[in-house]
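Below are two complexes that have subunit A in common, paired first with subunit B and then with subunit C.
And now, the complex of A and B:
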């Protein structure tokens, strides 16, 4: 049975509204929802907040209509990037980013969109020794005192020097404005091979008719390039009335140029793929994951002879 | 007497149903909004017109039943137009400035299927 998922419910500070939205989603038939926290680094000093704790929201999760299991709630972070230096937060290992189940990025420029799919961000400390043009660049950059990594990245894109991946699960495609660039097939194919999903949202289209046109035209553009693979359609709903049922959304996929099976997959299978991609991000190559083991109490240690005690503790 | 040759006739139905039937319900954000049948049909046609223009608004559409209290209706549309009607109902956001949403409960090529809804089945 297909488990439908809506991976974008906008988080607001009002818990009651959030609760209403999740209940509506469960009533409509969604088995999985993800509460989305959006971070825009363009504004000054944006901090990534802690995700909403699910146990605070509901004591008993609402049951999905049509099934007997309760709805599953996940947390998701969307980062709006307009500048390559914004991506650095994804590289920081001990940050709040790891608390989220799914991470999405919303690139606003063509270079960021295609590059974060294919090219990589440079690690300045390590790879700068061998290239003759780097010392000159560093000199110039130190005069300008601008964001070093951004400057270096522009040159990197021209030279195609590989470094590290941008570690995300979903790439959001803009729907509220005309796409400022055309999609290029090679980076999109690389992204599909890596398992990234492309996300389209439909709730702005409900509010305004010009946005409807932009949504459909951007979606058709995307379909031409990626042929309908790895597409996710979700609502960016802020109110319970903006969520539509899963089969309605699958029908919208037909409007966007998907085939019937692709359209239904956009609400069910591809969402599950993005979830699993998020889970495997925390593991080593998807095979090994580490779990913190609780320390055994002192009484248990005495009952076992010394040779049988576990060699490493904690 | 020679027996008359048997004649056979084979009938093939390629498309089993000309019409699709939809059971829909209109939900408003604030309660107390009422529509009569004519306004409801006008709303449907304007939703089609917003998304698909004059050609979409000309789609042969019938409201078979309508309940004003619950704002639910059964619609009939020809099978080629079901995708258009369904998507225009999905993308409808407001009626006369009030926020609303269409909830499509069932879609079926057979009217009999709309009489029972397995999703709302309550097992005792």
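And now, the complex of A and C:
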């Protein structure tokens, strides 16, 4: 079994409140927490901020209750997408995005929810004539189960399709309002195969009874399609009082339609899977990772530039 | 609808009740007490008793020291010196402390020389020892059990198997845990745990004892011959078990309408007992000491007493990897494994063994 994790503690500018939340989570028995920075691109010109530095938050990490180890704090970024252009920030290998351990996306429309789960390929540009390698391209596409967006009959003007696959670890499911769309099984299955997790939050349900109904009905809809696989339940807590203990959250999973073992896995094993997915995202196929080597101080260097130095050594 | 039906079910739990007599040749009481290795809490309840007798009091106070070691590397438990000094000369028990069995790794040493490691998937793959997946894994196997027989190893220390185990635990993946240790020695005392582990921070601890006298307690009426109970005449085993739990939790047994905490009421038929003595010992308690306590409680009825029966309950550690013998124990929503003796004045006894969800049936 894996250790219990709460992957969504809302970051705020108030460090003291954040500290209180992490201490409460450690007291309740969570071994891993992730501090979530939410970015909404609907407002104009939102910049992705730098994640909270853990050493600033705590000099000594609080010990998890019932164990002798301190709690592990990770950082997470959630992007609320309402428009396909918002996804571009994930495609660009911006250094800001790479600073976070887990990336999550909160799609607001059906198109974005279903389609981002699949691979797209960049098709040809417009105004191309019959290229001989078009059939080959189609064959490759069918192999890797891609979805072609639009292939016009005369191969002349093929629409340029945006984006690559979205490189995220979690997909958030809305709980505060009635689901604007129904889930479709094929894209959800592709997402599960890719290792994406679907996240449900429970702290809005604590605050309001109407939201409670929406949470449960949205969760039951999701369970019918995905059969309880790859589900994560987390608090979107902004205050320490909104966090609940891991076994209580596992019992809450029963209300959402999960079986007993799936509900306990939603707080432990699936969270571990999402963390590992986040780690491998930064590596090449999960096998090779790069670490930035610290540059030697200037005093050691000769005045020779680096390329010439390599020639001398070689 | 399936969700609603699922919500009505409680997690699986088992209660095994049996009755016998202490004088009976084939009585299993000794074997069951001695194979329940890791005991956390021992409580006994004597109705119609205000003060404890001297023998019982001495026994309770001498439930033995146990030891707590911080950050003990696991390879220390497989060294030949440890095996020869402690495991072979008596019964040595060890259990990791502050580890949750459903979340992290746990290790237990049984008196028959078996070292049981209950590891999560990552640690198991890094350690590289041969083990089997846990019985309670489900679809995805996340927990593995490794069983190392120390007695077997100590006979051939040069074998490849021993070298590999040493290498895995010392160099490949050195594991360190906080341990609770206890040792019941047979034979002359040659060395103690305090001296052996003096390099590490070892502390000797005494079990905590809590005694109280309960006044005007409602007790169910029991007849030793009818385990199931007869309506209007006596109560059955499961009803007694529930009642005992309520008494230990200090719950009112009146079913008062304005009580927020409990609506439990004492099973009928019941009598009111003027006073009852309840004693609880908490710590890492040896089964041998529990057996001595059980015999002493049987001797309680050597002289005629008002009490019709006495009870002795023993609870195991929720995070122990084994329950009885080497039956695997897990923590689902609760990790209880406990047993309860009801001793009657004619030396008949009822034995009730209870386990939770991720457990085998008690023997």
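The rule is short, and it goes like this: the second predicted complex is superposed on the first by the 247 of 314 C-alpha atoms of A that agree within 3 Å, B and C clash if a C-alpha of one lies under 4 Å from a C-alpha of the other, contacts with A are read in each partner's own complex, and residues count from 1 in each chain.
Throughout what follows, a residue touches a chain if its C-beta (ideal position, glycine included) is under 8 Å from a C-beta of that chain, and two chains touch if they have at least 3 such contacts.
The structure displayed is predicted, hence computed values, not measured ones.
Undergrad: Just checking: does A:2 make contact with subunit B only, subunit C only, both, or neither of them? Give me first, second, both or neither.
TA: second
Undergrad: Could you tell me if A:191 is touching subunit B, subunit C, both of them or neither one (first, second, both, neither)?
TA: In the superposition, A:191 touches no partner, neither subunit B nor subunit C.
Undergrad: Could you look at A:66 and tell me whether it touches subunit B, subunit C, both or neither (first, second, both, neither)?
TA: both
Undergrad: Who does A:97 touch here: subunit B (first), subunit C (second), both, or neither?
TA: The answer is neither, since A:97 touches no partner chain.
Undergrad: Just to be sure I read the superposition right, which of the two partners does A:244 touch: subunit B = first, subunit C = second, or both, or neither?
TA: After superposition on chain A, A:244 lies in contact with subunit B alone.
Undergrad: Taking the superposition on A as described, I'd like to know which of subunit B and subunit C A:31 touches: first, second, both or neither.
TA: In the superposition, A:31 contacts subunit C only.
Undergrad: Go through the superposed model and pick first if A:257 touches only subunit B, second if only subunit C, both, or neither.
TA: A:257 sits against subunit C, while subunit B stays out of touch.
Undergrad: Could you look at A:205 and tell me whether it touches subunit B, subunit C, both or neither (first, second, both, neither)?
TA: first
Undergrad: Mind sorting out which residues of subunit A both subunit B and subunit C touch, each in its own complex?
TA: Common to the two interfaces on subunit A: residues 66, 247, 251, 254-255.
Undergrad: In their complex, what parts of subunit A are in touch with subunit B?
TA: Result: residues 28-29, 65-66, 202, 205-207, 209, 212, 239, 241-242, 244-245, 247-249, 251-252, 254-255 of subunit A touch subunit B.
Undergrad: Within the complex, which stretch of subunit B touches subunit A?
TA: These residues of subunit B touch subunit A: 27, 29, 50-51, 83, 86-87, 89-93, 99-101, 103-104, 107, 119-120.
Undergrad: Which residues, counting only subunit A, touch subunit C once they are in their complex?
TA: By the definition above, subunit A touches subunit C via 1-4, 31, 66-68, 220, 247, 250-251, 254-255, 257, 259-261, 264-265, 268-269.
Undergrad: Inside the complex, what are the residues of subunit C that reach subunit A?
TA: Subunit C reaches subunit A through residues 2-3, 6-7, 11, 98-100, 102-104, 120, 138-140, 142-143, 178, 332-333.
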